[in-house]
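Just passing along the structure, written as structure tokens.
Just so it is clear, A, B, C and D label the chains in written order, and each chain counts residues from 1 on its own.
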Amino acid sequence: MNTSTADIDEVADIDTDVVQNYIDRLSRWGLWGPEDQLGALNLVTGKHVAAAAAGVKAGKVISLTLPYDQAGPQPGGLRNNPILMTTATGTDAAAGTQAASIRAVFGENGTHVGYADDAIFMPTQSGTQWDSLAHVFRDGQMWNGYPATDHSSAGAARNGIQHWTDRLVLRGVLADVARYKGVDALEPGYAISVDDLLGTLAAQHCTVGTGDALLVRTGQLGQRRGQWGDFAGGAAPGLSVHAAPWLASTEIVAVVTDTWGVEVRPNEVDDFQPLHQIAIVHLGLAFGEIFDLDALAADCAEDGRYQFMFAASPLPITGAVGSPVGAVAIK
Amino acid sequence: MNTSTADIDEVADIDTDVVQNYIDRLSRWGLWGPEDQLGALNLVTGKHVAAAAAGVKAGKVISLTLPYDQAGPQPGGLRNNPILMTTATGTDAAAGTQAASIRAVFGENGTHVGYADDAIFMPTQSGTQWDSLAHVFRDGQMWNGYPATDHSSAGAARNGIQHWTDRLVLRGVLADVARYKGVDALEPGYAISVDDLLGTLAAQHCTVGTGDALLVRTGQLGQRRGQWGDFAGGAAPGLSVHAAPWLASTEIVAVVTDTWGVEVRPNEVDDFQPLHQIAIVHLGLAFGEIFDLDALAADCAEDGRYQFMFAASPLPITGAVGSPVGAVAIK
Amino acid sequence: MNTSTADIDEVADIDTDVVQNYIDRLSRWGLWGPEDQLGALNLVTGKHVAAAAAGVKAGKVISLTLPYDQAGPQPGGLRNNPILMTTATGTDAAAGTQAASIRAVFGENGTHVGYADDAIFMPTQSGTQWDSLAHVFRDGQMWNGYPATDHSSAGAARNGIQHWTDRLVLRGVLADVARYKGVDALEPGYAISVDDLLGTLAAQHCTVGTGDALLVRTGQLGQRRGQWGDFAGGAAPGLSVHAAPWLASTEIVAVVTDTWGVEVRPNEVDDFQPLHQIAIVHLGLAFGEIFDLDALAADCAEDGRYQFMFAASPLPITGAVGSPVGAVAIK
Amino acid sequence: MNTSTADIDEVADIDTDVVQNYIDRLSRWGLWGPEDQLGALNLVTGKHVAAAAAGVKAGKVISLTLPYDQAGPQPGGLRNNPILMTTATGTDAAAGTQAASIRAVFGENGTHVGYADDAIFMPTQSGTQWDSLAHVFRDGQMWNGYPATDHSSAGAARNGIQHWTDRLVLRGVLADVARYKGVDALEPGYAISVDDLLGTLAAQHCTVGTGDALLVRTGQLGQRRGQWGDFAGGAAPGLSVHAAPWLASTEIVAVVTDTWGVEVRPNEVDDFQPLHQIAIVHLGLAFGEIFDLDALAADCAEDGRYQFMFAASPLPITGAVGSPVGAVAIK
């Protein structure tokens, strides 16, 4: 391709314009006051929560979380898979090495008891996880206009994940785009359009609206399960940046996918993760990534009901920019 | 005290008899088959879950999880408070040090974007947490009779916490014993009796039954908040070992407290944590510890409703003997 | 004390002048070229190393490193004591749980063998440790004038500890100031003057010079051993900021103490750790902290020889700002 | 191959006999008393240390340690490469986020100062490392006959690495077998025989004896550097199990290689790591693994001197079964 530097600059400008234009039209900074740290989750009211609960019929609970272990999707490196380390074991108990420490700590004999204990080391975003509103910046700012420097080595002074720990109980709607398209998995690089989403929802006879979480199944996680390759960080199907206005107008509060990054990779414009910049930084949406939606999708296909109560409270890790989560759909 | 060795042995025998007698009468090993790894949570059916959801009225969501951070209750040492470490910061973004790595990893300019990332190191039982059925052994065995050596440095080959990730959505009932007793907090060493529990429930005009989680508020967590002292590991109010038969007969599936160890410390008999040995090892109960029940208690006192939907899915950390949890009560 | 704001500002200015004046007179930035990342350790030549080795007579090896474990000096918190976690244990081997994994990984029976393995989590500066030249900044710059932003979440792009891994074999000289002063330990807040150092060295019949490491014993570590209190981070005896010109003129390359921070705390001027700012940032000195000098001091007192070969290579942890070290004196 | 079970058992018996026969002839258990935790390093006397120092001529210091970072040889998984995490950064300092914490902790302004800090998480055996005498068991016992259960989740009650922190300063002799054989690297599976070692030493005009460390260069580390493949854990050249009697008779105290496991892989007999079982468990030798011997080898080839002072003190991590090390050769 014969592209001069001038051409590249022009392309970049156009792309920037696209993203910046969406932001100029859609940004919600200040909408919930200058001190807000909740973002779109402000839209979820008790009425929404109660309605989500009221939709529960059979009392089925379906896990949406991938196991946290060494078989996880990370290829190694700094965002490694979770490392569980035992600090007391049943084998210790069997060998009789615990009695002395029980005596030392508690001054008791403890002749019958034994115990196991452990610790975990994990990147907060190594598996099924929520991004906090402090995870992404655009032009040096995070959600609601706070400076990026509100996040330092001491963690997030604002927009930390802990603010959401009682906010992620709401109605969820699954859009099984892979099934709608008749494929096991959408191709890496496939940008899911608003038409795709609307078509999927229509085919499923459901809608989304204010206060809902939209769970979008691409099929990629299931396809790569156990043989992850570049699943975490590589090319992936995902939402188009051009879905931004629709995400804003529907007043959806959370978008969840079975990919590592919600949006399509490679990106459609010449900037890294533009939908993150619009949706997290300016709409205040909760992005949920690496959710395992296969069991839920199978269940929805069977009973034809694609909406459910969605309970996915992040751990209140003070100042964290992400959190693992024991997420469940309740039908 | 002039106690001969013979006397001590006699006392130990008596105590052992008490615990062993309860076990002989109450043990549920084999009840759900020789391969069961769920324990009492087998008792929760879809009907129970649906009923719990049906009880939701206002759509209020109340967090029951203490923040995971350095202000937590651990005194230091091996079961230290959670350590959050940032691996990318907003200050990096502001300083312009991220552009090169985005280019290196993704081959893109990323001129507008910045990001933060982090990792956590934490003992699974350092804060609000579920004990798995592999956490405690009696005489070399864990729940359902599996040998303690099924837990090794490789984690729990059986009874790991991951089995419960879709099982802890159920009806919760708060027994605010501290309020019932008219104190801010029960004294360390106070053994909560079945009469205390029944009295509290009666005063609250509620009952517990099959498939319920019982949340017992002693007030200790609130009293020690921020000035923890020996909260984690020290003397504490808690359930009497003699509550074991009642826990079995009510078919409660989970017991949660605002203390570090559910049962009273020091223990009432000459063995370490006897109720753990009976209730976890032989009844297969889920024990939830260091739950923050104060906001829930205040809400229940206000509206007079002490039952709620309880969503507290542990992280499916494969082979772990405990898990942090983003627990919520939904009313 | 009746001090007006104006007075405080004046004091601050004076103090700043003191520190800045030392820097203006003494700074070595650029002395070893604009790309240097070694600092004063450039002064150690093969001749110095050979002379240090030539001084070895009896072949005695004395450890200067405090054990890395939970009994260490840190009070908890983020700079916690080292946490060792086992990932395979002898108790596992005894219980027979390892055979399967040996078979799985190596395809062999391994009927006789067993193994233990472990991992460590530790702040690099939690115990006996070297500060790298990237550890401290003054006015946004580190050693040799590199910007502070050369250190980010990705570690130190310049002045990382790895550059010194083959540089810390040299002649060491112990100045046992506590012994010279006839006390078990100097008082917290005691500023060790050049006169104190010269008096100590004279009494010991030794001198320091180009390429030497000066190990200064205050006695504080020994006094606090096992009952650390605020040892790590609190008030401490240590070098006076006014020793800076002497440190520069002697061409000493490393200063090591049995305290947490080399210099006296509280500081003598109204700025935090001014000697760090002068000696690390502008002289390029290696600061060694929390070294255990008691056994060495006892040996020196016995044989009257206060100089020795000092082998204290930091781990080459790429980009780290400090490193634990297995430090030894060889006499 | 048509091998009956009877045949396999016979082979296993023969192999076991080989290993057990060596042990029966060579074991040093009890040689230094029933409480010994040092093993062969008892053989190093002050005379040996002094002689090693006396051999230093030019004062050259050569690092033998591979950098500890994400570019290390581990393929991921539980024995991952070292993870350095920053807990304070220069970018924080530049952004002005540190002033408040200095004020909070130290009550001072700290207007000029900035700082960086970090923590490391690493398996003790992920890179250049010493095995302790608690690392390997044979038939449920470790060095000197202690039971394997002396190592539990609490670490090594006996034979922990800390006992060697002042013991690994001695004379080193490099046997550059790859160079002797005229190859870049010996092939995986190549068993280095005593003849190979003697031939190499003779060609180098040097010998080994009591109290020496023998550093054996296979060339494999250099060949795999940066493209590690299965370097850590895979097939490798290494010492033959049949070198055991020679290792015993020479009274060498440490064996170091540029491979992950000193001995040849796959093993020559039907048991996992038989030389570990003989040399660590029964001879009490120090095994050093993943040492980078290339720079040293180049230097030795140039000056023709293959012996040197070897300073490689492990960190005294209490109860650890291995330790990273800042190892140097001093010539």
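One rule holds in what follows: a contact is a pair of C-beta atoms (placed from the backbone, for glycine too) under 8 Å apart; a residue touches a chain by one contact, two chains touch by 3 or more.
This one's a predicted model, so the numbers in the text were calculated from it and none came from an experiment.
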How much rotation, in degrees rounded to the nearest 5, is required to superimpose chain A onto chain C on the basis of Cα coordinates? 180
In terms of residue numbering, is the interface formed by chain A and chain B classified as same (over half shared) or different (under half shared)? same
Can you check how far apart chain A and chain D are, centre to centre, with Cα atoms defining each centre and the answer in Å? 43
Chain A and chain B have mean C-alpha positions lying a whole-number Å distance apart equal to 26
At least two partner chains per residue is the criterion; list those residues in chain A. 78, 83, 86-87, 89-92, 94-95, 97, 119, 121, 149, 152-154
Quick one: label the inter-chain contact graph as line, ring, star, complete or other. complete
Which chain D residues qualify as touching chain B in the complex? 83, 85-87, 89-92, 94-95, 97, 119, 121, 153
For chain D, which residues are in contact with chain C within the complex? 12, 16, 19, 45-54, 56-63, 65-69, 71, 78-79, 82, 84, 86-87, 89-91, 93-94, 102, 105-106, 108-125, 134-140, 142, 147-156, 162, 165-169, 233, 266-267, 270-273, 276-277, 309, 311, 313-328, 330
Flag every residue of chain A that touches chain D in the complex, lowest number first. 70, 75-78, 80-81, 83, 86-89, 91-92, 95-97, 101, 121, 149, 152-154
